[in-house]
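First chain A sits with chain B, and in the next complex the same chain sits with chain C.
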Partner chain A sequence: MTGKYQKVAYYPGCALEGTGHAYNRSTKAVGKKLGLDLVELKNWNCCGAMEVKNIDPKLQTYLSARNLSIADDMGFDTVMAPCNGCYHNLKKAEYDLANDEPSREVNERLSSKAGHATYESGKVETIHALDWIKHSIGEEGIRQRVKNSLKGLKVANYYGCMYTRPRHIFPEKDKGPGTESTSKPHFMDEILAAAGAENVDYPLKTACCGGAHALSDSDTSTKLVLNLLTTAEACGADVIATECPTCHTGLEMHQVRAEKVLGRKTSVKILYFTQLLGMALGLKPKAVGVQENFSDAMPLIREKGLA
Partner chain B sequence: MSGAALLSIDDVQQRADAIVAMTDDALSRDATALADELLELGEAVLLAWLASKGRAPADGEVEGFRLLALHRQGAKGDPSFNACRETCREVVYHRNLILHDPASPDVARTLRLGAMVVAHLALFIGGKLQEAGLGEFCCSSRPVRQPETLNPIAESA
Partner chain C sequence: MPIHEKSLIRPENLVEHEELVIDGVDVSGHWSTFIETRAVSDYNEEMQEEIAALGGGENIHRCWQCGSCTNACTVNAINPDFNPRYWIYLIRMGMESELLRDKDIIWQCVSCNKCTYACPRDVNPEGVMKATAHWLELKGHTEKKPSMIFDEAFSHQVFETGKIEDGLVLRQFFKGTNQPLTQPWLVALVKGLMRKFPVLYMVRLGLATVFRPKTSGWGRARDAINAYVEEVEQSNRKALGLDAKGAEQ
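So, the complex of A and B:
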């Protein structure tokens, strides 16, 4: 245990209250099991996601900054966002407020109009759920707590896009040993390896899944996802581990669609890394929301002795 | 760069699928040539993208590879293009793995995975040709990056 991030502000974001509910459940369950405190932001709002960002990026900066302001008001210097979209947007807001005067002006004006303190960059650090586990408990801490090893489970770790791109909003990454890499991220690999998983060398761990176009251009997304799934299978993976609700939903949804529309069936399962870690720590599949997933991983979970 | 420059994105897709479907023996026998072909197929995809934008492809190399130079050129003015940056690097990586040890027992598997990475590049760029916003979700941070980007109209003038 490193002692960092034992108690942090928690920003679940919209997706984790909807399609990504299993991620919310498993993140909280893992935190509780590990003795880590998550305190949800009071009256949090949308981070601006892609809808607002694409139309009015400065408004997105404000929306994310308001969440950071709430964390600051609650006395936290760290906020943890498990969703890649939220994590990315809070980091982007932090970058914009530190480097872009017009963004600062809009944030100040809207904060004043809304009647809350204006967030100033540098006061609150945004971390992902992977940073949270990696730096609070660490691999050795996980190894000591494993009750049901993931031994024999071959995992392709899929990080998606927003965890590492664009690089300039993640100044803490690419700083050498112990830090995350934007070109070949590895925190999830390390966490799950500590839980006993056998990671496969997955060459598409940050490749595009077409997530934002899942509904508007389904065929493109289905083809991209199908290639992600077949490549994971070619790597020998039983499971694709995810750390983003958009990626997770896209992989599940288009796995079904690929079979229906393209006649291409794939059998690799899709689970949040927090679900895998939770089961390794001794939590029941239901406690980490496996039944909420679209992809039925229960037969595999039973086969591997995790249920 | 060879005749791959003349390939369409669909051609690349089909060739990548054909490599994936080859037997282990066939892959192992021609490993070095197929490894170089992976690079050419990747270059063909990026050349198709540049051609669609009316831009002349760069002749240079980045870190010794034209593929990476073409990617860098393609990303100018379009940050969302960076969604395939690591995919291009994975193509190079798989090619290098094979050239490093063409007699490795893993060579057929490495070639197949390399071909699947090329297929992903073709799917992504092919998708962007139909839907320019593909990749905007992650890579664009336009308000900050805008001054760094080139004006495509001015560039082509």
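So, the complex of A and C:
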């Protein structure tokens, strides 16, 4: 179903203001190109990422509840988060506030002390950038708007962990045709195929990049990332399409680290799906922030005639 | 009698006498190999309850040992000693000394949630791993692990300002773990970015280190959060029978 989500609240999150800025830039550029309105949450706060939950899970729930209450205050019933971490945490907060009394109690207490409305579950729907494109414009809409087809570009679609796991926080997934699958996600595949890309059969779509320990246990992360990269290459992919700033930065960082530390060089490129989609819609590489990526995909982009 | 699956037994539990005669029969060498008896008498009966009292560990009692977590585990695939199913078993049995053999790898859980996805009993093994790592640290069995140093630096920034700045987290982490910032791979990464010279991006990152990103009007939330964190820390210590400084009561 398309035509939904024409105007939604936008929660970029910290990563998109820092190392993942290319994702922020390309998401906004794609939205503008497609005539979709994004209104940034006022005074949003960090969702706690993969860290605050290790201090206390209920505190992490509060951090997301605060953001959801802002969306509600601004009169939105939908908030779009492109970052898997933010998206996951908003979804998890929604689930915990609906099902866990102690989480509700902590949220109420902290919200009233902090002086803002207490978010009640069910008021705001959280969606990912993939849901946003898929249900607003859809594949047919993209096909009609493609100016610069991704034809001949072989893409491995990589979704990571937080977009599908654990299943219970995503009640709208696994509901049959047209809905997203938690075991074999396909929204990004469909969006990029509509833009002309040739998707390879990538078996590690939901494997882990070790992002949570990208720095604190970098040897583990390098092994996990190297596996993702070499498998993408073995599948014949030119580029890995990402939809999470932690995965994206992790892949770029550990691609370099694998070469420096293990002497294993890989040449597969890494781009956000919004960058690929944006270029297919006729945006210049600069407009989708290709220069802000750590890895250099420009030679490939020129070779495929996308620049 | 020779033991066929020696690889399954820890070397220190295998006993062999070079020269041994029993009732006139020479059983020297591998003829006298036997497995040391392992009688466990030092069960820690509080361990499960203590771990269940820490955030994430609440559902450990639900486990019925199917092994779906270990089967799905990302870290287990690169290190077979990383075994959530087994650790949950040890905790539930109170076999502390066995658990302590693996005390230095439990923190390595990458939170990919494959275990929690696969678990048919809603144990939340990912949370149990974090609670266990936390327990080991609070009880003084391990020093503060790199992931906890990272989590604390990160969380502290969130609590203080409402947001984080990647560069500061990076610098604080390397400082906290006594590592130089000039990791060769990090240098190569930054050089690669500089070559493309994304001026606006560099300016943006530069500004972020000076004018730290923050959520405006965060003060009351900060105070509420800090008070709550203190409350959680106190209740964790109490559940583990520790006094305020962390020593066992």
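Please note the rule applied: the second predicted complex is superposed on the first by the 306 of 307 C-alpha atoms of A that agree within 3 Å, B and C clash if a C-alpha of one lies under 4 Å from a C-alpha of the other, contacts with A are read in each partner's own complex, and residues count from 1 in each chain.
Note that in this section contacts are C-beta pairs under 8 Å (C-beta built on N, C-alpha and C of every residue); 3 or more make two chains touch, one makes a residue touch a chain.
In this text the structure is predicted, and so the values were computed from the model without any measurement.
Looking at the superposed three-chain arrangement on chain A, would you call chain B and chain C a clash or a fit?
clash
Let me test your reading of the model: by the given contact rule, A:Ile55 touches which partner, first (chain B), second (chain C), both or neither?
In the superposition, A:Ile55 touches chain C alone.
Tell me which partner A:Cys161 touches in the superposition: chain B (first), chain C (second), both or neither.
Touch partners of A:Cys161: chain B and chain C.
Per the contact definition in the header, classify A:Asp73: touching chain B only (first), chain C only (second), both, or neither.
After superposing on A, A:Asp73 lies clear of both chain B and chain C.
Give one of first, second, both or neither to describe whether A:Glu292 is in contact with chain B, with chain C, with both, or with none.
Second partner only, chain C.
Now for A:Met253: first (chain B), second (chain C), both, or neither, which partner does it touch?
second
Per the contact definition in the header, classify A:His21: touching chain B only (first), chain C only (second), both, or neither.
second
Check whether A:Asp174 is in contact with chain B, with chain C, with both or with neither, and answer first, second, both or neither.
It touches nothing on chain B or chain C.
Please determine whether it is chain B or chain C that touches the greater number of chain A residues.
C
On the A-aligned overlay, A:Cys235 touches which partner chain: chain B = first, chain C = second, or both, or neither?
A:Cys235 sits against chain B, while chain C stays out of touch.
Return first, second, both or neither, reflecting whether A:Leu63 touches chain B, chain C, both chains, or no partner chain.
second
Among 20-28, 110-118 or 200-208, indicate the stretch of chain C whose C-alpha atoms run into chain B.
110-118
Name the residues of chain A shared by its contacts with chain B and its contacts with chain C.
Shared contact residues on chain A: 50, 54, 57-58, 161-162, 165-166, 207-208, 210-213, 216-217, 220, 223-224.
Quick one: in the complex, what on chain A touches chain C?
Interface residues on the chain A side: 14-15, 17-19, 21, 43-46, 48-59, 62-63, 66, 106, 109-110, 113-116, 161-162, 164-167, 182, 207-208, 210-213, 215-217, 220-221, 223-224, 252-253, 256-257, 259-261, 289, 291-292, 294-296, 298.
Touching residues of chain C toward chain A in the complex: what are they?
Touch list, chain C to chain A: 55-56, 74-75, 78, 108, 110-114, 116-117, 127, 130, 134, 145-152, 154-155, 158, 162-167, 170, 173-174, 177, 184-186, 188-189, 192-193, 195-198, 201, 204-205, 208, 213, 215-218, 220-221, 223-225, 227-229, 232.
Show me the residue ranges of chain B that touch chain A in the complex, using the header's touch definition.
Those in contact with chain A are residues 20, 79, 82-87, 89-90, 93-94, 109, 112-114, 116-117, 119-120, 123-124, 126-127, 130-131, 133-145.
Enumerate the contact residues on chain A facing chain B in the complex.
50, 54, 57-58, 85, 88, 92, 95-96, 99-100, 102-103, 160-162, 165-166, 168-169, 183-184, 203-204, 206-208, 210-213, 216-217, 220, 223-224, 227-228, 230-231, 234-235, 246
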